[in-house]
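The two complexes that follow have chain A in common; it is paired with chain B in the first and with chain C in the second.
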Partner chain A sequence: MTNFLKQNRPLIIGSLAAVAAMAWALSQYEPKVAASILLSGLTLGALYFLVTSGLSLIFGLMDVLNFAHGLLFMVGAYMGYTLYANPRILLNTLPLLLALAGGAILARRAAPMLPKIPGGQAARWGLWALAVALLLLGSWGFDLAPLASTGISAGGDVPTAEAQEALGLFVGRLLALAASGIAGGLALALGQPFAGRSRGPRGLVLGAGLLALALLIAPARTLGEGAILGLSSNLRFLIALVVGAGSGAALGGLIEWSLIRPLYSRPIYQVLVTLGLVLVGTELVKGVWGPTGYYMDTPDFFSQRGEACPSPNLVAWLGDHCASIDVLGRPFPSYRIFIIALGLIMFAAIAVLLRRSRLGMIIRAGVQDAEMVQALGINVRRVFTMVFALGAGLAALGGVAAAPFIGVNPGIGQEFQLQAFIAVVIGGMGSYGGAAAGALLVGLARAFGDQIVLSGIQLPFMAEAVKFSPSIARASTVLIMALVLLIRPTGLFGKKD
Partner chain B sequence: MIRKIPPAGWAGAALVAGLCLFPFAMALITGQPVGEGAPKFWQGMLIQVFILAVYAMSYDLLMGYTGILSFGHALFFGTGSYVLGMMLKHAGWPLWQAALMIVVVAVAQSLIVGVLSLRVSGVYLTMVTLAFAQMFFILAEATDFREWTGAEDGLQGIPIPSWISPTDQRLRFYFVALGFALVMYLLARRVVSSPTGAVMVAIRENEPRARMLGYNTFVYKLIAITISGVMAALAGGMNAIWNLNANTAMLGVGTTINALLMTIIGGAGSLVGPMLGAGVLQLLGYWLNAAFGPRWPLIFGVVYILIVLFFPYGLVGTWRLRGAGLLALWRRRLGEARQQV
Partner chain C sequence: MLLSVESIQTFIGQFHILEGISLEVPSGSITALLGRNGAGKTTTLRSIIGLNPPRTGRVLFDGQEIQGRPAYEIAALGIGYVPEHRAIFRDLSVEENLRIAERRKGDLAGKIDFIYELFPDLKRLAKHPGGKLSGGQQQMLAIARALVPDNRLLLVDEPSEGLAPIVVEQIVASLRRLSDQITVLLVEQNFHMAAQLADRYYIVDDGHTAHSGKMADLAGDQALITRYLGAA
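Now for the complex of A and B:
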């Protein structure tokens, strides 16, 4: 115990100082205001945690600083919003991606069983060229703008019948993309002739399944849109959470496999690639969904209004689902309680995963020494991809959860990434508890900042309260980071280097 | 004392001479006067290339020579723009005093940011520098300082002295910008070839060893950040003169990404590479914008990722690695062809 105290003296003093400062600051306000600041801080902290934890896990395990993490957050938000409010974009693009991926997986796994393709290197480049040509052919003239249009966009709503392409053309695209995937998969297989020979039929089944799914969705697009929009908003929101997180995880896995993995021998270039991804991804998102933002409705579960509202307490809220809950005489939006709960659940779930599961054991060992884990016969590369996907999925989940709270726009990725970076620097890279603590601290600081923006700050020697804009509150977290850097450069929970 | 001038030196001198003649050559080819139409447009294009070249070169002093990967370089570029704008517009200072002020502010700023961010290294430093740059970006957008910075509209209508006005005296400004780029290049080369520059390279290659040899690496890194910051700020000031404004985008992440793009495309670890990269970025950007409209950064991002993946040494680096071999191959083919004739 005394040993622990000695080793962590700065940390303990720092935490005590932070708690004391917070208690003092809270005591300056009425209890109801203080409570709502605390709850707002927890809400923001929960969202920051979802971004920070993945960032920290990925860095801890594979030393990759993922600058595209904010992008994944944003993609999650957009995918969730799309499924919730305008699913026809998904229904018209998902089959195309499925066909491409299905074709590629099928060809990659089937290649070892096929007779050897003659021609060597030339055949490989020829196949790549064929794949690119078919990809261009399959996506030529595909217009997303009418599909993305909604009631509030400039041209008004375009009816689905006009917005989506006729079945014949769409299936033609599917076939072209599937062929492109097959050519690409064969080219990949030619590049790595010995890898993946004895994986059995699992890959084949997966590839064929994806292709079949794409062909199944194609004729059912209109039907699917009606079915999804016909669901209750709560169920739709639940599906949106799953779809958003899932697509974020899939994208994260794809990024690791295609762009990060070839660069493990050149760590600096990994960072450079992820920064390039931000550029590409942001432009793609603007291209698909337009440069302006969207507002996502809160599901019915959190948005009932009426005489009984706001609900007097959490238990009563379970019965009436009011939009806000009374906290010491001040209404607090119930949706934010959901965000806090989600953050806590994910915190506990990841902690259990890390502490109690085999995968978690491998991850923790990998953080210590990835090479040693590899030497023990564990496929560390696959664990890398899984952890990258996991972190990306967490960020995307945060994005969906944030969508009804702050809306969806092409700038949210960058904003959350900045705050997540600050949280990571404060908490210490590669430490799970540090990520949580940093996120919480940044969230609370932002909540205080927002309150001060509302009420101004009363300095003892000035007659009037000093007022400033929300921008100052956003920038102030950087100052906390600077302070932590001065006192403890490795962060509150970081390892000493 | 007469030194033998290397072939690269002759090539450089020829390039500068060519750039000096360029406006007149354009005027001859197009048949339009030097101060109007296409010649004027292309002078403007090159002026932007010169400014960006200095900015990219300053970034490479950090990234390519010292091995410090900063993601906050826009901070200096943007601050230079804003300082120049505020000094001319609000304080009514003459241009040379404003330029001096840029240097003073940039030194102070890079010392503060350097002392704080150099407490960490590697990817931590990228995050910390990014955070500092974002802080200034947010502050520039803040409505509290609207009188001074113009908030999200930027600082518009900077009163530029008429003798250097980029619209009326384009040709003169062209030569000023060319001279600026040349002076900055010579300065940077002086730094790189000095003993200090050698220590910077040593830090890039192996910092613990440099420290073991007795060099205070922290001080050298701080020097690198300061020199690079001042150069970037001066380039930012030039940019403010050229645009007649200073806006928040100059402080944004996009500006830092531009520095990276130019350095990576041209080749990190050489002074000429990033300058070349600036030319490629500017001209390619112009054509891509004409061909693809406002979504052209998408194409650029893809090109950037491909370069990072497949040509990590950039144009100049790849040429240095492969150039000799290619030249030899070309000569041999030429010889074979001659024999066959």
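Now for the complex of A and C:
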């Protein structure tokens, strides 16, 4: 016990100081104001946590600083919003992507069973060229703008019948992209003669399944759009959470597999590649959805209004689903309570995954010594891809959850990226508990900062409160980071070595 | 021959570490790999398991070429690796350190009694984090971890390093007990320990296999020992 006190003196002093500072700050405000600041801080903290946890897991396991994590947050927000408000663009692009991926997986897994393709290197380049040519052919003249247009953004809604292409043309595109995927998959298989051995038929089934799914969706696009928009907003929101998180995870896995994996021995290049991805990704998002943002409606579950509102407490809210809940005499949006709950649930779920599952055990071991895990007969590269996808999925889930709260625009990724990095550094690189603590601290600091900007600080013997510019809320987190690093260079929970 | 290494050359970065190592490990024996610090013994083991793949030469395990394949595939063929400095997972409990080595569900359940009988300390410490064990206990855990799946060959790197003589005796006793079930390629600086255990030896010098023979003959050849291993 005394040993523990000695070793963690800075940590203990630091947390006592933080608690004291918070108690002092809270005593400056009425209880209802203080409570709503705390809750706002928790809301932000929960969102930061969803970004930070993945960032920290990825850094801990593979030493990759993923600057594109904010991009995945943004992609989640856009995908979730799109499914929720305008699924037409999803239904018209998803089958194309499925066909491409299905073709590639099918070809890569089937390649070892086919007779050997003669020509070696030349054949490989030929196949790549064919894949690119088919890709260009398949996407020639494909116009996303009308599909992405909604009544708010593009100066008037384009009806679905006009926006989407005729079935024949669309299926033609599908087939071209599937063929492109097959050519690309064969080229990949030629480049890696050992990959794809002894995997069994799972890859084949997956590839064929994706292709079949693409062909099934194609004729049902309009029907599907109606069906999704006809669902209740709550159900749609739930699906949006799943689709947003899932597409973030898929994109994350793809990024790791294609761009990060070749660069594990070159960390500087990883930073450059992920930074480059942010620029490319942000412009692509602007290209598809336009440079301005969208506002996403809060689902009905969190937006009832009426006589009884705001709900007097959480239990009553479960019955009336008011847009806000009364907290010590001040209304607080109920959707933000949902964000807090989501953060807590994901924190617990990941903690259980890390502590109780075999994957979690491998991750904890790999954080320390990935090479030894490999030497035990475990395919660490595959675990890397899975963890990258998991972290990306968490960030994207945060993006969907944030959409009704702060809206969807091409800038949110970078804002969250920066704050999440600060939170990770505060909490200690590679520590899961640290990531949560850092996110919480940054969230609370932002909330306090916002309040201080609003009301200023009343110092004794001064007639007027000292006013601050809005930048102080952002600066406060950097100040905390500097302070933490001065006392504890590895962050609050960072490992000593 | 369970393992044959045929003139492998291995580079780490731009350094040419192994300049032609050849050795054979017959089934059911303990073969010692001796040599001075920096001679290339550890790199030889890492080349076999695939952590530092050799650039040229062949490695045959049970007649099958394994060089160039990823380490996890090589290990899964039935090779257990007990590395230098043990590489125990500090944040995992002793039991988890064993469970992570399972290749099939139930591997550990079938072996746990044997492992705990071999190393009674580990049973007592099952719930302790690996980082809290003493050096000797960590060494036992590292060996035990390699016993969990059905391995046919153990690559054991410097098991006596930094351990008190009495603990070394325990490790020697456990390896000797294992030797009738499993083949061992042992890297060892402690000549006394190697002499007690091994049937055959190879001496590695400056990235080459310089000498080999029966351990019993080497123990009597003071000139050879002094030449390649320094004072014994």
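Quick note on the criterion: the second predicted complex is superposed on the first by the 492 of 497 C-alpha atoms of A that agree within 3 Å, B and C clash if a C-alpha of one lies under 4 Å from a C-alpha of the other, contacts with A are read in each partner's own complex, and residues count from 1 in each chain.
Throughout what follows, contacts are C-beta pairs under 8 Å (C-beta built on N, C-alpha and C of every residue); 3 or more make two chains touch, one makes a residue touch a chain.
Owing to the predicted nature of the structure, the values given are computational and were not obtained by experimental measurement.
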Review point. In the superposed model on chain A, is it clash or fit for chain B and chain C?
Key: fit
Review point. Is A:T160 in contact with chain B, with chain C, with both, or with neither (first, second, both, neither)?
Key: neither
Point to revise | Which superposed partner A:V373 touches (first chain B, second chain C, both, neither) | key: second
Check your understanding: Between chain B and chain C, which makes contact with more of the residues in chain A?
Key -> B
Review point. In the superposed arrangement, does A:T298 touch chain B (first), chain C (second), both or neither?
Key: neither
Review point. Does chain B (first) or chain C (second) touch A:A365, or do both, or does neither?
Key: second
Check your understanding: Is A:T222 in contact with chain B, with chain C, with both, or with neither (first, second, both, neither)?
Key -> neither
Practice item. Could you grab the smallest C-alpha gap between chain B and chain C in the overlay, to the nearest Å? Key: 13
Check your understanding: Can you list the residues of chain A that touch chain B in one structure and chain C in the other?
Key -> none
Practice item. Write out the stretch or stretches of chain A touching chain C in their complex. Key: 194, 358, 361-362, 364-365, 367-369, 371-381
Point to revise | Contacting residues of chain B [partner chain A, same complex] | key: 69, 71, 116-117, 119-120, 123-124, 126-128, 130-132, 134-135, 138-139, 141-144, 253, 257, 260, 264, 295, 297-298, 300-302, 304-305, 308-309, 312
Study note, to complete from the structure: The chain C residues in contact with chain A across the complex are 49, 51, 69-72, 75-76, 81, 83, 87, 89-92, 96, 99-101, 103, 145, 149
Revision key, fill the gap. Chain A residues touching chain B in their complex are 59, 63, 65, 67, 259, 262-263, 266, 268-269, 271-273, 275-280, 283-284, 286-287, 414, 418, 421-422, 424-425, 429, 468-469, 471-472, 474-475, 478-479, 481-482, 485-486, 489-490
